[in-house]
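Both of the next two complexes hold chain A, though its partner changes from chain B to chain C.
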Partner chain A sequence: MLGIQSIASYLPKGRVDNLEQADRFETDREFVEQKIGVSSLPRFEEQDSVVSASVAAFSNLCAKESIDLAEIECVVLCTQNPDKGGLPHNSALVHAELGLPEDCACFDIGLGCSGYVYGLSVIQSFMAANGMKKGLLFTCDPYSRILDPEDKNTCLLFGDAASVTLISETPRYTLASAKFSTKGAGSEALQKNGSQLEMNGRAVFNFALQDVPKQIRRVLENAELKAEDIDLFLLHQGSRFMLENTIKRAGIPLEKAPIRLSETGNTVSSSIPLLLEKELGKSPGTILMSGFGVGLSWATAIYTQVK
Partner chain B sequence: MNREDAVRIVMSMLEKNVNGLEMSEDKMDKTLVDIGVDSLDVMLVIMDVGEAAGVTISDDQAEELDTPEKIVDFIIN
Partner chain C sequence: MLGIQSIASYLPKGRVDNLEQADRFETDREFVEQKIGVSSLPRFEEQDSVVSASVAAFSNLCAKESIDLAEIECVVLCTQNPDKGGLPHNSALVHAELGLPEDCACFDIGLGCSGYVYGLSVIQSFMAANGMKKGLLFTCDPYSRILDPEDKNTCLLFGDAASVTLISETPRYTLASAKFSTKGAGSEALQKNGSQLEMNGRAVFNFALQDVPKQIRRVLENAELKAEDIDLFLLHQGSRFMLENTIKRAGIPLEKAPIRLSETGNTVSSSIPLLLEKELGKSPGTILMSGFGVGLSWATAIYTQVK
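And then the complex of A and B:
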């Protein structure tokens, strides 16, 4: 059975001091540190791109795993801010940079903060349907490309990052149960207007606190599990305040749900893989992941360790 | 819902969600900002009040509710 074998990430070297940004926006530093929960944001520099960051994440993966490029049969890349406007699809550009074989399927997925949970399911299903044994799921969504520099609601929040997950027939974790939801009527809460991102903070907040906990409970019920049965909850790292309250409303034990965005900010579809990479060393038995955002789209999945 | 119940809900949701805030009658007509409720706390308070009072508060309506008294008036009307 296909599943997650390994994972690696990449944070660009560029940094934005969020407390200096707070001063620029005449916002209380304590509010930015304690409520938004972000002190420093990784930012693409001029030479960075979705492709270069994805390739850098892959280099980090190669430092952990022995990977034969000739065996990679599938590459899926999740982004809504691709290089070259998405034409060609960036997975093809990554394919070229890595020197992958021609017998390799490549396609992009256009999803935001729910993208990792969706992406895992998509790549595993596609590979299973086509008899593939090894594939790579990349996430890289550099929101710095679309931030309005005068909009403090978004500038103080989003960071750039990339991740890659190795999917194989010798997995450490396999999918047990998942649920995917959409509220298209609420999509204006988080959208690009012209070339810049617009966010209705209140609408996103209400969505995260009201809809996400319901889905988490449903996934647990469908799997006949309780919150206590899950070892690790990986929730999309939107902002500290939103996370703390989503966790509380979902009835999740605080100690099982890491909040770790102080040095990364909200990295969109990379936020869950960044957490997962750090937590895999502890070998949690059962992991629940929940991603939510643009769409409005939200997805929750339970992965269990292969014994 | 009568005013007394509405005041009780609004006061309790403010105290529950805003660190260190102790509500009293004289704070009811102060702005939320003046009694120490920040922009994120406001969203949580409005959501909790709406759920406790069984009323739906739209984003536009919520923007207008800048004092505890205005929140009370909204939920009893």
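And then the complex of A and C:
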């Protein structure tokens, strides 16, 4: 059975000091540190791109795993801010940079903060159906490209990052149960308008609090598990305030749900893999992941350790 | 087993007379009709969008099939020219327009001319893995949005269209065998540069002639079939000249491979579904589809009729 073998990430070297930003926006520093929960944001500089960040994440993966490029049969890349306007699909550009073989399926997925939970299921099911044994799932959604520099709500929140997950037949974690939901009628809460991002923070907050805990409970029920059976809850790192409230509402023990966005901000589809990379070393037995945002879209999945 | 139950399409009402375009570009009318093979091109007008065209295709589907919206569990939309710059994913916008239920997975795929063959496998495998029974695969890639009005090679070639395929547990056709390939190093042959499309027609032509027939032969071999066992070959309608040569090189009997782009042009990921919609009524037993282009990416699949 296919599953997650390994994971690596990349944070661009460029940094924005969020407390200096707070001053510029005449926003309380304590609010920025405690409520948003972000002290510093990684930001693409001119030389950075979805492709270069993805390739850098892959280099970091190669430092952990011995990977034979000739064995990679599938590349899926999740972004809504692709290089070259998404034509060609950025997975093909990564394919070129890595020098992957021709017998390799490549496609992009357009999803935001639910993208990693979706992406794992999409790549695993596509690979399994087509008899593929080794593949790479990338996430990289540089919101810095679409931030309105006058909008403090988004400028203080979003960071740039990339991740890559190695999917293989010798996994450490496999999918046990998942659920995917959509409320397209609410999509205006988080959308591009022209070239810039618009966010209705209140609407996103209400959505997270109302719909995410319900889905988490349903996925637990479907898997015949209780919250106490889960060792680790990896929730999309939207903002500290949103996370704390969502965790509480879902009845999740706080110590099982890391909140760790102080040095990354909200990195969209990369937020869960950034957490997962750090937590995998502790070998949690059962992991629940939940991503939610743009769409509105939310997805929850339980992964169990392969013994 | 999941598979193709039904299919419908939409061509926008707006039209460009390709012979008048030929005159404007000082290009021989015979060349346009015989070599490109396109007399008239459907083009989006101001009121058209990926979402509106997809919804119109769905209306046409509803004229053929009785569809209970509450049963739709998955929507996948393939485009590289989305509305709202792809944020949110356009499948979520279609979800809103159709009034689909919350328990519905929605995501976009970024692929060009190979998108339909990929998309079928992606949606079917994702749905099967997640126990979903009814889903919709949309294609809509309006190249009119990115045409350089001074570039006759692309202006005379690309048309706008949309399609929707109903995937269900009561299919008429199911997937027998498929192959997916990528040559990212050749992606510059077809790419967005800034806001405009750039195409190296010669490079795309060479790619189609060199790589597509090889893949078709491999898929036939893997399925232990010969060209004569296939009732219908649906090749991406790139241009008449490219198609005729690719068909010949692949050893496909001409009468089994429709060339039908005179009134549509090259509609990217919608070209194969446009053909399939017309051919399904004739109930071919075995269909081979092959899409190729942007990426460079090419994909071939064999579908067999459910008896």
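As a working rule, the second predicted complex is superposed on the first by the 307 of 307 C-alpha atoms of A that agree within 3 Å, B and C clash if a C-alpha of one lies under 4 Å from a C-alpha of the other, contacts with A are read in each partner's own complex, and residues count from 1 in each chain.
Here, a contact is a pair of C-beta atoms (placed from the backbone, for glycine too) under 8 Å apart; a residue touches a chain by one contact, two chains touch by 3 or more.
Everything quoted here is computed from the prediction, not taken from an experiment.
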Touching partner for A:R202 - first (chain B), second (chain C), both, neither: first
Chain B versus chain C as contact partner of A:S59, first or second or both or neither: neither
First (chain B), second (chain C), both or neither touched by A:S283: neither
Which superposed partner A:T170 touches (first chain B, second chain C, both, neither): neither
Touching residues on chain C, where the partner in the complex is chain A: 74-75, 80-82, 84-97, 100, 102-112, 118, 121-122, 124-126, 128-130, 146, 178-185, 187, 190-193, 195, 197, 211, 294-297, 299
Footprint of chain B on chain A - complex, ascending: 31, 35, 200-203, 205-206, 209-210, 241, 245
Footprint of chain A on chain B - complex, ascending: 38-40, 43-44, 47, 59, 62
